[in-house]
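Order of writing sets the chain letters: A, B, C and D. Residues in each chain are counted from 1.
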Amino acid sequence: MKKLINHPQNVPAEFLAGLALAHADILKVCLDPVYVVRVDAPVPGKTGIVSGGGSGHEPMHVGYVGKGMLDAACPGQVFTSPTPDQIEAATRAVNGGAGVLHIVKNYTGDIMNFEMAAELCQERGIEVRAVVINDDVAVEDSLYTAGRRGVGVTVFAEKLCGAAAQRGYDLARVEALCRKVNGNGRSMGMALTSCTVPAAGKPTFELGEDEMEMGIGIHGEPGRERMPLLPAAELTARMAATILADLPFRGGDEVIAMVNGMGGTPLMELYLVYGELERILRGLRIRVARRLVGNYITSLEMAGCSITLLKADDEMRALWDDPVLTPGLQWGI
Amino acid sequence: MAVGKPEVLKWLEVLQQVYAENRQWLTELDSAIGDADHGINMDRGFTAVKAELAAHPPSEIRSVFQSVATALIRHVGGAAGPLYGTFFLRAAAACPRKTEIEAADVVALFQAGIKGIEQRGKAVGGDKTMLDALLPALDAMRKGLENGCSLAAILDAGAVAAHAGMLATVAMQAHKGRASYMGARSIGHQDPGATSSYLLLKAAADTWRS
Amino acid sequence: MKKLINHPQNVPAEFLAGLALAHADILKVCLDPVYVVRVDAPVPGKTGIVSGGGSGHEPMHVGYVGKGMLDAACPGQVFTSPTPDQIEAATRAVNGGAGVLHIVKNYTGDIMNFEMAAELCQERGIEVRAVVINDDVAVEDSLYTAGRRGVGVTVFAEKLCGAAAQRGYDLARVEALCRKVNGNGRSMGMALTSCTVPAAGKPTFELGEDEMEMGIGIHGEPGRERMPLLPAAELTARMAATILADLPFRGGDEVIAMVNGMGGTPLMELYLVYGELERILRGLRIRVARRLVGNYITSLEMAGCSITLLKADDEMRALWDDPVLTPGLQWGI
Amino acid sequence: MAVGKPEVLKWLEVLQQVYAENRQWLTELDSAIGDADHGINMDRGFTAVKAELAAHPPSEIRSVFQSVATALIRHVGGAAGPLYGTFFLRAAAACPRKTEIEAADVVALFQAGIKGIEQRGKAVGGDKTMLDALLPALDAMRKGLENGCSLAAILDAGAVAAHAGMLATVAMQAHKGRASYMGARSIGHQDPGATSSYLLLKAAADTWRS
């Protein structure tokens, strides 16, 4: 394992120390329990937005703390969801009296820890609503699985709900928006290489020189299918087809699109994939109204990408353009 | 024989060693069908338990379990944290305020803990989770108790059943937790959580046998 | 070689196609010869700023085209400097009558191609000045080398000169600023892994499981020294010491700092290194006034990082804060 | 014997094949002390030359060299583009307006081209660059001309000297180009540009021998 680290156990903590030094104008890092919070929290009267999950997906979530996006984020150990005390402390820290929305990705661990935290918050009289993001079309949503994973749409939900809360939406409206975003967004990912959890010390899985893993999540967990590596055009077409058929997206739709890197893929390749994607969408008369191309929800140093499409209405498009100032997303300010 | 606070503490001490020793194995099992952290999680959790018990020695058995629950919930995260945390939380609630607990108490306490895991995780037997080690173990322990066996024999039966249950997860397709994303590809791999649960019971049988 | 591409030969062109689709509001891609130019070029009366170099360093340079930074960028093949006709065409396209600054990184190929282009421009009556960036302290600047390479300071020079030109600085003042930035900036890089040039198909070099390459450039060219991998704290201390001693930087200085990823290193590790760096600088009473942490000047999918420090005066700090709107750097707009 | 336009075109055709065949070798040499693109660059360049000559057939030898220069300058980039581009630009300028050029013309043309490379790149012999193949070759060719040798013999002498010069770069430390960043570590590797220059001369000797 080759990483720019000191001790494998200390990676998340030392990362947060660097983040705090680099972005003292935007956020602060609280310890014991650990969470990252907007410098000006709590904002009185504003609906609070809290998310969290395992570390290793940077900039998500801690890099999305700041004006117009998250009020706080709770980072767990690498790929391990945070604990209820972290989430409870973060929720208390951002509650401006208007209640707090928890944006939770659909993983057993995340669900349970956020549930326990919500119980603790409710005991303290803080109104908490939780929306579970489950946009990953690679996982069959059935009685026989833990359900679809929450992946790329989380970034969109955090941006849009953050903007809505900043505009003054109350908790119920932010919650409804979050459900609408989740309901209209779909994602799929793939990997060219595995990643290495620092504390584990070796790659989670091995892939042959001509293989890729299709339908990968964001935790280095194996995907649904291992298959020969495809050229970018075919790969994009296949991922797009699965995503498009699922909602389904239709001609005339407007979308916000993301081509996301898993951490180890050069921007050059991500834009190349984006080009393929937009050509496919144009062919179907689906207009890309807004887009992100880059590393937004990663799996450590994994090589690969994911595609997310969100069918956007006027409200979402307007909220998208609202100012945001976080380490990971920044515009309009 | 009965179990007093020293035996309970001894069990937890052994568990800390067991999870430290099996950290890599559990993580490797989790690499195959999960996200390569289960051993790391269990090791971190029981190291935190040890520190907590040393820093604030609890006065009675019940409060030992409470401290364990809090330490696990605070320091593990993931799926294992809330599940094992809930196990000890419910075990504490089911624990009589006595200085020594009998075989019936021990079985009741495991029963409450395992119920807690079922409620928290909403999994059932056959989903390829820790419950596939725990539920057969509970059955075996209850049978042993009904048959008037000694605590040592009851715990042995539990550990044996947990071991068989753990091995049985190899052939199962996962329907809960991270492994379920793999669909049929999860078949052929032993569940990490079932393995850590077997180790939990094995350690109890080993330390409470005399 | 595992990459998200179609044919190795087409990577730069297909990347540009995706870039053009994604950022049609900011830039356009011209073909034959190839260059990327601000949508509103030429801006009458504004000093033009053109840079360029091999592809594979994304977002540099094409990702820095836009308001407040570059007017145009000329991308070559991967790690191969662009040709004179590209540079000449870009220069003509951005000349608003006030002349054009060429920001050139110090590599034999870049220097020669920009020189030939400048001759062609001068023949057409366009005033061109060139500033050569050579900030890499890993290379001894002597009669016996091609001189220091241009690396991280290029990003700073492009941002600051772009802002200055936007404010209305004339060509001579922008040129002087660029020389000042180059004179006050120093960088050093290292690699944990090699990268693979798409058309070459295999890694440029191989590193052992416990080795790193110190003093690496940005083209996958081997560094000055191969050595055992160090913990992040020691690694950062060693790189910082070499950089600091060179200018030298002194207690009381204010700096703009960059911890840059080579393309395959997770943000988590980059912030961890940034934390180490800022602690070292604080210990020396050097204040980090502004910073960048992320992938800004990369080497395809190489794992590793570089550190850049620029001793900043009031003018530079103010220009840094000026608005910028490019695919790779964006704030204040 | 003398060299006419058909022979010049033949040389360029052979060069295109030679660089296509040696693309990988040249790139591997450049991997060791450079950035792994020299073979790719030369191949791209002479493929462009071929396309250019096919699309716009030049009328005389001089204009052939001009087209080659333009194609290389436009399509190669890097260090090799301006250097070989300048070589052909100067060769064109030195080329007499004749339908056939003699041995003396050929040597003059190489001399002008190599001068151009010296001026453009500011390197000298011993810097571990293409000049370490080209300068000895030029020397050998000049001597051959003075001694009244045939063009074939002159070119052979040039190719032999270029080959020796190319091999001599192995022992040199680079002082120019990308390899100079490696300092003493550049010693022990053959210079890619010296290799492509040797191939250039070798192809001339091979095609203009009859």
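In this text, a contact is a pair of C-beta atoms (placed from the backbone, for glycine too) under 8 Å apart; a residue touches a chain by one contact, two chains touch by 3 or more.
Because the structure is a prediction, the values reported are computed rather than measured.
K.L.:
When the centre of a chain is set as the mean of its C-alpha atoms, what distance in Å lies between chain B and chain D?
P.N.:
75
K.L.:
Hey, how far is the Cα centre of chain A from the one of chain B, in Å?
P.N.:
32
K.L.:
Just give me the whole-number Å value for how far the CA centre of chain A lies from that of chain D.
P.N.:
Here the centre of chain D sits 54 Å away from the centre of chain A.
K.L.:
Draw the chains as points, connect those that touch, then say whether the picture is a line, ring, star, complete or other.
P.N.:
Contact map by chain: line.
K.L.:
Between which chains does touch occur?
P.N.:
In this structure, the chains touch in these pairs: A-B, A-C, C-D.
K.L.:
What does chain C use to touch chain D in their complex?
P.N.:
Per the stated touch rule, the residues are 33, 54, 76-85, 107-109, 112-113, 115-116, 138-140, 143-146, 149, 197, 199-200, 204-205, 217, 219-224.
K.L.:
Touching chain A in the complex: which residues of chain C?
P.N.:
Spelled out, the residues of chain C in touch with chain A are 2-7, 11-12, 14-19, 21-22, 55-56, 58-59, 63, 192-193, 209-210, 212, 229, 231-233, 235, 263-276, 278-279, 291, 293, 295, 298, 300-301, 303-305, 327, 330-333.
K.L.:
Any idea which chain D residues touch chain C in the complex?
P.N.:
Against chain C, the touching part of chain D is residues 27, 31-37, 40-41, 44, 73-83, 85, 120-121, 173, 175-178, 180-183, 185.
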